[in-house]
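By letter and in written order, the chains are A, B, C and D; residue numbering begins at 1 in each of them.
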Amino acid sequence: MSLSDRIKIAKRVAQELKEGEIVNLGVGIPTIIPDYLDDKKVYLQSENGLLGMGPTPSDDDIDMDLISASKKPVSMDKGASLFDSSDSFLMIRGGHIDTAVLGALQVDETGEVANWAVPGETILGVGGAMDLVAGARRMIIASMHLSKDGSPKIVKKLSFPSSGTRKADMIVTEHAVFQFLEGKMYLIETLSDVSIEALREMTDAEFHVLEKTKVETN
Amino acid sequence: MSLSDRIKIAKRVAQELKEGEIVNLGVGIPTIIPDYLDDKKVYLQSENGLLGMGPTPSDDDIDMDLISASKKPVSMDKGASLFDSSDSFLMIRGGHIDTAVLGALQVDETGEVANWAVPGETILGVGGAMDLVAGARRMIIASMHLSKDGSPKIVKKLSFPSSGTRKADMIVTEHAVFQFLEGKMYLIETLSDVSIEALREMTDAEFHVLEKTKVETN
Amino acid sequence: MKKRLNPANALQFIKSGDTLLVGGFGLSGTPLTLIDELVKSDKENLTVISNNLGEEGKGLGKLLVAGKLKKAKGSYFTTNRDAVKAWSKGELEIELIPQGTLAEAIRCGGAGIGGFYTKTGAGTKLAEGKEEKVIDGESYIFEKAIKGDVAIIKALKADTLGNLIYDKTARNFNPVMATAAKVVIAEVDEVVEAGSFTPEEVVTPHLYVDYVVVNQYVKKGGRYIESI
Amino acid sequence: MKKRLNPANALQFIKSGDTLLVGGFGLSGTPLTLIDELVKSDKENLTVISNNLGEEGKGLGKLLVAGKLKKAKGSYFTTNRDAVKAWSKGELEIELIPQGTLAEAIRCGGAGIGGFYTKTGAGTKLAEGKEEKVIDGESYIFEKAIKGDVAIIKALKADTLGNLIYDKTARNFNPVMATAAKVVIAEVDEVVEAGSFTPEEVVTPHLYVDYVVVNQYVKKGGRYIESI
């Protein structure tokens, strides 16, 4: 997956975040979103026990006891707060995070997400993924459109283990933005010169196109 | 109930407390126990959110935002800590209080305690009584031997509503100290010149007298 | 900056018939100013979830005598004789719940936990009608999580983001209540700049707090008294 | 004064076959010195409950390669390849539990709560075989409280009573683990006089802590390194 695609996705998700929101960013593409927020201030929650996570510190200020959930050194914003893991997941599961931006292995056409386990492979990690899926007020999936082997990630029905019955609200890929509403998937806009036909081909899931859908090139 | 009886009970309970113990004191007689600890240091937990409760402050230092569970002004010992109600009852219910000293309306011969409600009267308060009964590692009942109307408080079977299935470990009255062991009640010592026969008369519950029982006068 | 409101404006978030979580242990840590506004308002049929109902004519006791309450859910109402009287006359419903169960149920309400099994109260009158479960040989009773429409809480200070710190034992139920209502209004003695609290000092992180109101009482001789 | 032990002596409270709660998120907030002692010891067949198993050859990863572990229960083991290998060879049992469920179950273990209903994981593979309950129209799954025989945790400082404060995000699972084991041993960088912490600063009140051990590592460049 190319850096420019990752940046494109991160920038588009950044647009969705509102000033002052409480946001939890998953691993992968979501972690670079803060670079594209411009002047918009959002408050980053890190599930290992920090609200108000700031940027990577300079080498001299690195403290491996001030880290993100990806175990990378971070800093603290003004007004940040520290808490333990049970209080952190009280926030997450209790619906106090405005938006979680997560990666996904698969998303089905109702918005159900699979983001923790690959069938047939060793499953030895779940982390906070399921808690975020269950609890965040809004869930945005930031993901490449196709998996590494070229197969569709956005599918009719999950073949990978589900992360929970709670559905995603939106998915942003390098090609398109889809919204989920009452179990249906809608194309909101395209982000590349892909045609709707080509998009349908690389998207196993069935999606609806609205009149107001912004198609970049067709 | 006379002050000297109350003091006698408080002094005897104070002997039971060990250096360094974590103690929660209920309303009534238990509240005067700290006056009779001499040099023994125990740490008082107050269920409204304080560990390390100290003595009543001077009038100038009264702060009604630093109070006991009986809503009386208190002070803080060196090394005290403050916490919210959920953390306070985590301590209590979770078995982290070494000894709770509570008053009682009735105690039955197995050690089951009734200390929150009188049948036929309006029952509009329970407070933290049931949590302390359920959770403290050791429960000592500090109570007058008879109720105000002269009827026995230590009964065969509770006629008042129970505070929980967890049994008391000991009861101290102005006349005697009883211990509960495997559902049975044992007289440990007498604290007045009452004879064992007289004690049996004012104690509805059946109790066992051991050879080593210390009888003050007989 | 967290929306700062004057006390009267804060009432727009409360409707008649709402369930309110109200912080405090007795009068300590009680949002006295917000309660005064409620007394003056036209809100009625309120259900209040709070450890006590203040004292006679003070704190939530005022709201009771003003006839605003339909129901009180808490752990200890005996010391407010007005509450006992109102209940006897059938003017006030009361639901009694052990203090620790109350705190835990509110915490669960804020934590995405539907309910829990507690040892407290198992085998007592307060367990009647409640599901019982034996876990590892011990008896527990099921308690459902508690949530409110609006929480009105009292803190010592807020920063401009809405982070809160509390005054000694005035903390009590306030931090858990801040997590468990759709709208959370914090009454504070003072608002300070963001960054005034260290990250370790913050007790209630700002994400829980929707609005901040400044207390109209002043503290003298260790008590809050009405400012004139 | 809370009993202060040298690290080797602390091991007398741990038996082969015990279930240990071990603080830390990755390596941060991990009791490295106590783990080193365990590696040197004759304890075996240990069950470790911890978010991760450290890193390869570091923290709990050391204990794994030393062959001391029978089972690991936590939320994320994928990044330690030794754990994946040991599991594949059938040398290590693994029980996976979502991170928030792990934290909450340990808190319940310390709180006299037998179990709870969480929304996390409902309808997933991790809910298989677990009791489901619909509460107010939402699906929840039952999770039992978790307790340990011994908790080994890491704090920044202890006072002589045993009160603990933590370093930034090194706090993580340590405060809940301090509540949920029969014996709690805290490894700290420094022991200070009682009264050095304000009552507001204390994160883990001393009643949870049985023994205090001083960390043998030194912090340089933001990392703990072995002191020579």
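Assume a contact is a pair of C-beta atoms (placed from the backbone, for glycine too) under 8 Å apart; a residue touches a chain by one contact, two chains touch by 3 or more.
As the structure is a computational prediction, the values presented were derived from the model and not from experiment.
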So which chains are sitting against chain B and chain D at once?
-> C
Per the centroid of Cα atoms for each chain, what is the distance between chain B and chain C, given in Å?
-> 29
For chain A and chain B, what's the span in angstrom between their mean Cα positions?
-> 55
For chain A and chain C, what's the span in angstrom between their mean Cα positions?
-> 35
Out of chain D, which residues touch more than one other chain, so two or more?
-> 104, 107, 111-113, 118-120, 168, 199-200
Flagged in chain A as touching 2+ other chains are 50, 76, 82-83, 89, 92-93, 134-135
Can you name every chain pair that touches?
-> A-C, A-D, B-C, B-D, C-D
Inside the complex, what are the residues of chain A that reach chain C?
-> 22, 43, 45, 50-52, 76, 78-83, 89-97, 134-135
Which part of chain A faces chain D closely enough to touch in the complex?
-> 46-50, 61-67, 71, 73, 76, 82-86, 88-89, 92-93, 117, 122-131, 134-135, 161-166
Of all residues in chain D, those that touch chain B in their complex = 107, 110-113, 159-161, 163, 179-180, 194-195, 197, 199-200, 202, 205-208
Touching residues (chain side chain D, partner chain A) in the complex | 25-29, 51, 75-79, 83-84, 87-88, 94, 96-104, 106-107, 118-126, 139, 166-176, 203, 221-224
What does chain D use to touch chain C in their complex?
-> 104, 108, 111-120, 133, 135-136, 138, 140, 144-145, 165, 168, 199-201
